[in-house]
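Structure in structure tokens, see below.
Chain lettering (A, B, C, D, E, F, G and H) follows the sequence in which the chains are written, and residue indices restart at 1 in each chain.
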Amino acid sequence: MGHSDFKYEELDTTRESRTGFPEVVFCEGKKDEYLVGIYKKLLEKDGKVFGTRASISQYEVVKKSIPEAEYDEVSRILKVVSADNHKKKDDGTFIAVCTGGTADIPVAEEAAQTAEYFGARVERIYDVGVSGIHRVLSKQSILQDACCVIAVAGMEGALASVIGGLVRNPVIAVPTSIGYGASFGGMSALLTMINSCANGITVVNIDNGYGAGYVATQIYRLASGNESA
Amino acid sequence: MGHSDFKYEELDTTRESRTGFPEVVFCEGKKDEYLVGIYKKLLEKDGKVFGTRASISQYEVVKKSIPEAEYDEVSRILKVVSADNHKKKDDGTFIAVCTGGTADIPVAEEAAQTAEYFGARVERIYDVGVSGIHRVLSKQSILQDACCVIAVAGMEGALASVIGGLVRNPVIAVPTSIGYGASFGGMSALLTMINSCANGITVVNIDNGYGAGYVATQIYRLASGNESA
Amino acid sequence: MGHSDFKYEELDTTRESRTGFPEVVFCEGKKDEYLVGIYKKLLEKDGKVFGTRASISQYEVVKKSIPEAEYDEVSRILKVVSADNHKKKDDGTFIAVCTGGTADIPVAEEAAQTAEYFGARVERIYDVGVSGIHRVLSKQSILQDACCVIAVAGMEGALASVIGGLVRNPVIAVPTSIGYGASFGGMSALLTMINSCANGITVVNIDNGYGAGYVATQIYRLASGNESA
Amino acid sequence: MGHSDFKYEELDTTRESRTGFPEVVFCEGKKDEYLVGIYKKLLEKDGKVFGTRASISQYEVVKKSIPEAEYDEVSRILKVVSADNHKKKDDGTFIAVCTGGTADIPVAEEAAQTAEYFGARVERIYDVGVSGIHRVLSKQSILQDACCVIAVAGMEGALASVIGGLVRNPVIAVPTSIGYGASFGGMSALLTMINSCANGITVVNIDNGYGAGYVATQIYRLASGNESA
Amino acid sequence: MGHSDFKYEELDTTRESRTGFPEVVFCEGKKDEYLVGIYKKLLEKDGKVFGTRASISQYEVVKKSIPEAEYDEVSRILKVVSADNHKKKDDGTFIAVCTGGTADIPVAEEAAQTAEYFGARVERIYDVGVSGIHRVLSKQSILQDACCVIAVAGMEGALASVIGGLVRNPVIAVPTSIGYGASFGGMSALLTMINSCANGITVVNIDNGYGAGYVATQIYRLASGNESA
Amino acid sequence: MGHSDFKYEELDTTRESRTGFPEVVFCEGKKDEYLVGIYKKLLEKDGKVFGTRASISQYEVVKKSIPEAEYDEVSRILKVVSADNHKKKDDGTFIAVCTGGTADIPVAEEAAQTAEYFGARVERIYDVGVSGIHRVLSKQSILQDACCVIAVAGMEGALASVIGGLVRNPVIAVPTSIGYGASFGGMSALLTMINSCANGITVVNIDNGYGAGYVATQIYRLASGNESA
Amino acid sequence: MGHSDFKYEELDTTRESRTGFPEVVFCEGKKDEYLVGIYKKLLEKDGKVFGTRASISQYEVVKKSIPEAEYDEVSRILKVVSADNHKKKDDGTFIAVCTGGTADIPVAEEAAQTAEYFGARVERIYDVGVSGIHRVLSKQSILQDACCVIAVAGMEGALASVIGGLVRNPVIAVPTSIGYGASFGGMSALLTMINSCANGITVVNIDNGYGAGYVATQIYRLASGNESA
Amino acid sequence: MGHSDFKYEELDTTRESRTGFPEVVFCEGKKDEYLVGIYKKLLEKDGKVFGTRASISQYEVVKKSIPEAEYDEVSRILKVVSADNHKKKDDGTFIAVCTGGTADIPVAEEAAQTAEYFGARVERIYDVGVSGIHRVLSKQSILQDACCVIAVAGMEGALASVIGGLVRNPVIAVPTSIGYGASFGGMSALLTMINSCANGITVVNIDNGYGAGYVATQIYRLASGNESA
């Protein structure tokens, strides 16, 4: 009855040499046995695995096969780290990750932990939405020292514009699906950010913390003069 | 050939007693002779006339019949004032009208001059967009003293949220059609404002300076304890 | 495993002095222990707490820690009142809250109870939709006496326009997500209200009863000459 | 060079027997010589011609070949009438055509003159928008006597809902492209009308006065017991 | 704790004399005890009740209080009929109700049974979608005899256009939410129908079988010369 | 209580002679007993049945009545094959079915198995998305030999454009609803494909693997010179 | 001052061998001298040139340099043919090109003349929209003999569905931007076609006659067993 | 008559120290005398001026007052350079600017010339759209050496995804408004890019070459270890 062995996926074996980043797993929607198989194959090949959008039940399944797997409920990241994940040089370069509200933190943590996994240093600056503008202003100094800022915000998404006007390095804006009514699952925040009147702002997809963390790591590597971190 | 006399419009003779505001003319798209007719009728009835979205050529036509007509190119308001337009009591109550950029000024002027025509006092605070956040913060004191604030902004429309977090009185947000690309003729700014995470913000239609000025006048009258100003 | 203590939220300690309103809790989606923590902290700081979009199960959890917590199933407001919530001066000023249909009542109650919590007096005028126009007309006198009117309506949202033509004070329009088919979760009603041909109408987000109640309270305070009620 | 004779259009010779209505010409965008050709062919076949969305310059061109052609600048209808267009029985049955504002009149006239051309009697009730609700209420008696009502409105399009609640016969709603900002060329009015909470309302395309006049004529014929009028 | 007695709804007591139709209940989302209350009140006032979008569990609840209540699973209509519902004169006038596919039948039945409840005679012509065009053509004769046709279709909604070209009486088009992908819950079908190149077509909201049945009854009454059937 | 026998569907008995394809069943949403009835009737008439979007529980129900029914969990196809389904001539003609990622495979399998059921030969080329462009380039030779290519992709849907530039035969693009954020359930992929700058690309509805397999079979039959395969 | 020599475009020299089709020019928006340069280069390389969306003034400019250039005002195609364009074998295979109305003919001619230029035989079947369904049915025989059908339609775009149900070969649907109101520049027709309930239909971009002609030629070549025609 | 002196704009005097970039002028829509005034003020303050979206007539007006003003017709940049604009260190760091087609070049030039004005080195790689995939692949080496890549594309916007899979540094995607039909003025390309399945891609507004050039310069400065270039 049907496809008993599901072998379609081909490993992209040259990705790390081409892009400087290993393959990563988007866990959401993947069936259990299939997911375990991918984690095993990548662990064997790379000595480490990184997955996003994992559920706690996926974690429990993977943990049975790979006991050293780690899971974070907030970011929903499911990873197996290698020894070299823990040794980072610190040359003072860092990424700042900000949120407008507390509801944006899961996406921010996906971004922050992605960057950390790829070897970058991260400072978290959460709950500094523009309706209490003094909160973000009180962090101006640390924002200006960051090699780039990830601005995570739902609702009206104005955080990116305010930060964009305060700093000299790139701001990566992440709209979140937080909100209701005419927020359209994050589309309103995305439009706000794309139309920002501030300079130095680029935008990734709604809730795409991973993508923001990835680009921020690319910039971090350039800034710290170490292309593979 | 067709409708030689176009007499369909009925004057809404009880409007002023019902609402506290006289009839107003939306000039855009009205044919010349028809527009002159309305101005004459209203001038006769009310002793004054107020019209919005007038072109300079409409002004020139109306001026021939009504030499005391006044026109402002920025706000596109075409009006005939009466003596009582000029005597305003000043009890310290005022409306603040802000813009994000200079391109938003025509809409802001429509709002400001509407409120002034209806008897309110107005303070203008222009070009204080959030990408240079110190500009709006330097005006915090005057914003807090206003009985209400009209926040006019295109592009990403974040100005209203920042002001909403600074003041205790209502903020009327006016999205403008200024922008390009994914600004959708002001719809992105409208969505930003509708989704604002700040409190005390309500929204009018894109470029609807008149509507904002009208509501602001209603609030001004309540605040100054004078329902018909 | 991950973030055992979730301490990101910073209390906005100057909000009440800046805006005249205390911090308020948006309950929906907040985890139980986290929600209880916020309620306790705000109760300690302010002597009262006000939260919207609470579920009955959230109420039950909060009640265990704070027995004096009160919950209303219709408005979904979960609050802890202080003694001063109950003493309101009555100078005749009031807010009228109207709905088009009975299905709009939960949003209307969120608005009404918000305003009452903040010290305003409210009159409810429900189920006066425009398809039976005599219903709203029979309430014309009370509508005209209100310092402002909150018009809550889904489907085609025409209620605001009709009321806007009857009164001299501001009308705050609240589109609701009531409807089906091409109602787009309230977006059609929002567009109707934003495009209203009546004057004096401003709009808040879909189902945002809280926001409407907040602005109405701001106007109420101005009208009754008592900025902090 | 190319298609010197453009003969693709086949006359739909059985249309009148099938549908009770002759072929009609949508003039907008048709080239002059081609348009004249169609008018001549239809005049020969039917002894009369009816065209919509004609420009004044198209009228001038057609008039050269068919001097009895008549044009109305408001409705933009260009027609050649036959003797039987003028003899209508009057059994008291009539169609009411209403508009919200004066700017909606061109579309209303397209509807009214279409119905008149096809043999129906029409009463015009213009400029009765809902922001001055007494205006439409003062016409309640004549609206209730009509066999159907055509409600033409732009902006927020609420007129149809109010009328729908007042009458026992069908209301045909025509959204118009009048408006600005978030009116989206009439789409907001269309959505308002489609979502109407009143019963007995059906909707035609934006600015489609012709379509409304056609359906109203169908109902008129049923009501007056004369299927081909 | 909150609103123990929920008495906001006012009965619209003059509706039947004004519109020729009694009040009707939209059951979806109404709480059980509240729904039973409405059914009882209307049964007492009118001797009959008609409700749409009822669930089977709502039927079971109502049946306990009103044993003569009847329910149809396909149309989801929950009604209590009176003796006069069953005596209809038959003068040969009838409404045709068509569907494109079998999945559109629930909406079609809501339309058909609504019209039947209000006293009209109905012929059903189901599963005659345009991708097998001979099916609808084989029904041409009965379609042409109907006083009006209700065309119910999802997906691309082309059925209305084909029927519109075949008949002389009005076609009421009902888009359904049947479909997937880019059907947008019926919006694509709605747009198809609104843009129909055939004449005599008007459109109601997505899945609004009740609305179509109501208008069809209005036309039926006019055609059979019996305004209250 | 209601429609005990649901006999509305008329079999389209001339379909196979008209179109070369038998009737097919869209299973999703069909009730169990109704579905079994259709399968039985078609099996009797055609000696085989093919259904799409079947759930595993529908399979279990049908299997009870028709034990030879076969189900594939990936494609969700539920079929009863006849002897002639298994004899295919092989003249070297084949269809290539490609996917951008592994999550697109269910839609691709619906396409592939549809074409196979109708007698075509299919080559599968999965997980060759454009972000690892060498993967699709390594398959260039087999793509160029196919009589047509089905390109299945979600997210940004760029696969079709790249393939369109590599081959001389038609490319049928199938957007999938895979994605999140601003992917709008596949609408973004659909727009990408419709706007492709490559030639030879046509598009079917989101997730419409069946439709793509059907058209590919039509082309396969033309290419192999066998109109009924 | 600026870019005096604009040499960015690289000729895609292997396109014809890769795809079986030469490079083609999209004329709209190209500056005169630049356009002439491209025509000259391609004429030199290929001995022929084919361009779409040319204006008459572009034709006049090109003609000065290349006197044998030919232009068709209806299709807006500007081409230079070579001798081999005129020798076509005729094995009875042909493409049928249909339109719903006469306003769709320019797009249909772009499709038809594209296919003819690439060596295919074309039959034109114009003005057979579904509101007069007998027109398309009277062409059923020729439609069934075509190797594929191009269905060009604006407004509600239902033509493709009806044809799809009549034929055994592929139908390529081309939505046109003809229409007004809620036709959204062709988007409504595109959605109709994408959602078609008929099988064998694929869709190209709005007004993309060229794209449809290209795919039809690909199918024509497969059907006539001559991959390069 | 009106606002004779238009002095609203306040110079943002601390911008360069805060952000590392001087104030820039968005010329489109600015009135002549106003524009000249800004250019003069900025020239005096900064010794150089940079403006985007200037028309040739604006250039001619500015040139009269500031003869050393330079204008580029392709990018529409109007600038006055200072001596230090011309001395750039070259440490091998550079930005790659790519386009899908030739029609995207004006936006690409706005990006490239912006980056050059701010001191970065730029390599141009134009007309390498994905429908001829060998074109972009032949540039793989130079793309991999760039510190970041700006990918400018309209229509389906797939260029960014392909490049994203080839390089290790950030890709800034710029959708352009090039296209027709369902390209929605660039919105389709924007959605493609936002949904890219490749990593390392961020997006700016439609046609926002300036914004892309600005961010690219920020990254260039970080990569070359020179924060103010």
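Definition applied: a residue touches a chain if its C-beta (ideal position, glycine included) is under 8 Å from a C-beta of that chain, and two chains touch if they have at least 3 such contacts.
Just so it is clear, the model here is predicted, and its values are computed rather than measured.
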**Request:** From subunit C, count the fewest steps through touching chains until subunit G is reached.
**Result:** 2
**Request:** Work out the mean Cα position per chain and let me know which chain is farthest from subunit B.
**Result:** F
**Repeated interface matching G-H, over half of the contact pairs identical, chosen among B-H, D-E or B-C** = B-H
**Gap in Å, rounded to a whole number, between the CA centres of subunit F and subunit B** = 57
**Request:** Would you mind pulling out the distance in Å between where the CA atoms of subunit D average out and where those of subunit F do?
**Result:** 45
**Complete:** Between subunit A and subunit H, the Cα-mean centres are separated in Å by 27
**Asked** How big is the gap, in whole Å, between where the Cα atoms of subunit B centre and where those of subunit D centre?
**Response** 36
**Request:** Check each residue of subunit G and list the ones that touch at least two other chains.
**Result:** 132, 165-166, 181-183, 187, 190, 194-195, 199, 205
**Asked** Pairs of chains that touch, anyone?
**Response** A-B, A-C, A-F, A-H, B-C, B-D, B-H, C-D, C-E, D-E, D-G, E-F, E-G, F-G, F-H, G-H
**Prompt:** If you look only at subunit B, which of its residues touch subunit A in the complex?
**Reply:** 100-101, 129-133, 137, 155-158, 161-162, 164-166, 179, 181-184, 187-189, 191-199
**Asked** Touching subunit B in the complex: which residues of subunit H?
**Response** 1-3, 6, 8-10, 12, 14-15, 28-29, 175, 177, 185-187, 190, 205-208
**Residue ranges of subunit D in contact with subunit B within the complex** = 70-75, 99, 102-103, 105, 109, 124, 126-127, 132, 134-135, 180-183
**Message:** Going by the contact rule set out above, which residues of subunit H touch subunit A in the complex?
**Reply:** 18-21, 147, 165-170, 172, 190, 194-195, 199-205, 211, 214-215, 218-219, 222-223, 225, 227
